[in-house]
Amino acid sequence: MQKVFEWQTSGPGLYEVTREVDAWVTGDGLLTLFVQHTSCSLMIQENADPEVRTDLAAFFHRLVPPTTDPSMSYLTHTYEGPDDMPAHIKAALLPTSLQIPVAGGRMALGTWQGIYLFEHRDAPHVRRVIGHLA
Amino acid sequence: MQKVFEWQTSGPGLYEVTREVDAWVTGDGLLTLFVQHTSCSLMIQENADPEVRTDLAAFFHRLVPPTTDPSMSYLTHTYEGPDDMPAHIKAALLPTSLQIPVAGGRMALGTWQGIYLFEHRDAPHVRRVIGHLA
Amino acid sequence: MQKVFEWQTSGPGLYEVTREVDAWVTGDGLLTLFVQHTSCSLMIQENADPEVRTDLAAFFHRLVPPTTDPSMSYLTHTYEGPDDMPAHIKAALLPTSLQIPVAGGRMALGTWQGIYLFEHRDAPHVRRVIGHLA
């Protein structure tokens, strides 16, 4: 059972998609989510305090600043904008796919776990994520 | 086939769980392990020299120090303790789930690969990990 | 359906393996690739501009320099060479396994996605990767 999700983003940060995915899953099995892009990521993170998401985005922005930052002057792939190569690096550091057991029609997430699309680009994008349930 | 593992931790570091998982798997298929928390991780790493585990924990402690470290003063989610937000960041950087092929009742791990629960919090915790074999 | 791929590397960097994997997959399902080593990684990344791969390798080399670098003097597992412990750290940061949906005999990769073996060791190695399709 496969489905393509399309999610609109409007700049860097974490977008929660838990509810939409949960509404789709059914039965018992294993859910795989796979993002078809190399400049955004999927992530399971705390869904309680929104400060956690802000802090996560801040950490990764400091670990991998834009190529206009002097510390990143060694990068060569800059013609798609100062946020492009850092987006590829963040996409390398963070998951391209997630796997979540499903039981009784619900994802077996922990109490505080939510599913996020983590956008790394500045411009708005429509992101395609394939859901595979088996 | 699903099973919930519960593992007790007593502070940051890598806890090997290879033997317990290997005793559970059977037949041929694919094993998924999924941790139901956002402040610890799963990891496959070298199981030979214990210094590798110590060094790994040291690297991640330096990459993401406690919020009491001046370099982390930009973080806002601090009321659950100086180890809490760094634990979420480490959990973002490291796997929430593992996938391991199973053949003939054994995990197809390489010679030097072991499975670890990587605890990021200071206080003792009981960690729930779902095993899914299909 | 399982297959063992063996890929020869000759020093650090990203080696594209998309074509060989694509030639093997068939039907509909989910492909898992699992690397049986703790000093190299698997990765999905941009397959267009080769500068992206060079920049990725450069970023991880700076994030985790050889143990001969003064900033890494706290590491203790050094007797296998200055590139060994950094290779384990990079392998912890990057995927040991990939999951890719398969439909109509083709991997459902995005337009710009390719599959890479990311070698972290200096010496030539033969790397074993298990393909599991179900």
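Note that the chains are named A, B and C in the order they appear, and that numbering of residues resets to 1 at the start of each chain.
The criterion applied here is as follows: a residue touches a chain if its C-beta (ideal position, glycine included) is under 8 Å from a C-beta of that chain, and two chains touch if they have at least 3 such contacts.
Quick caveat: nothing in here was measured; it's all calculated off a predicted structure.
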Cα superposition of chain A on its sequence copy chain C - rotation in ° rounded to nearest 5: 120
Fraction-based call for chain C against chain B, same above half, different below: different
Chain B and chain C, separation of their C-alpha mean positions in angstrom: 20
In chain B, residues with contacts to at least two other chains: 63, 93, 95, 99, 134
Sites on chain C touched by chain B in the complex: 2, 32, 34-38, 63-64, 74-77, 85, 88-89, 91-93, 95-97, 99, 128, 130, 132, 134
For the chain C and chain A complex, residues of the former touching the latter: 29-30, 43-46, 49, 51-52, 54-56, 58-60, 62-63, 93-95, 98-101, 103, 108-113, 134
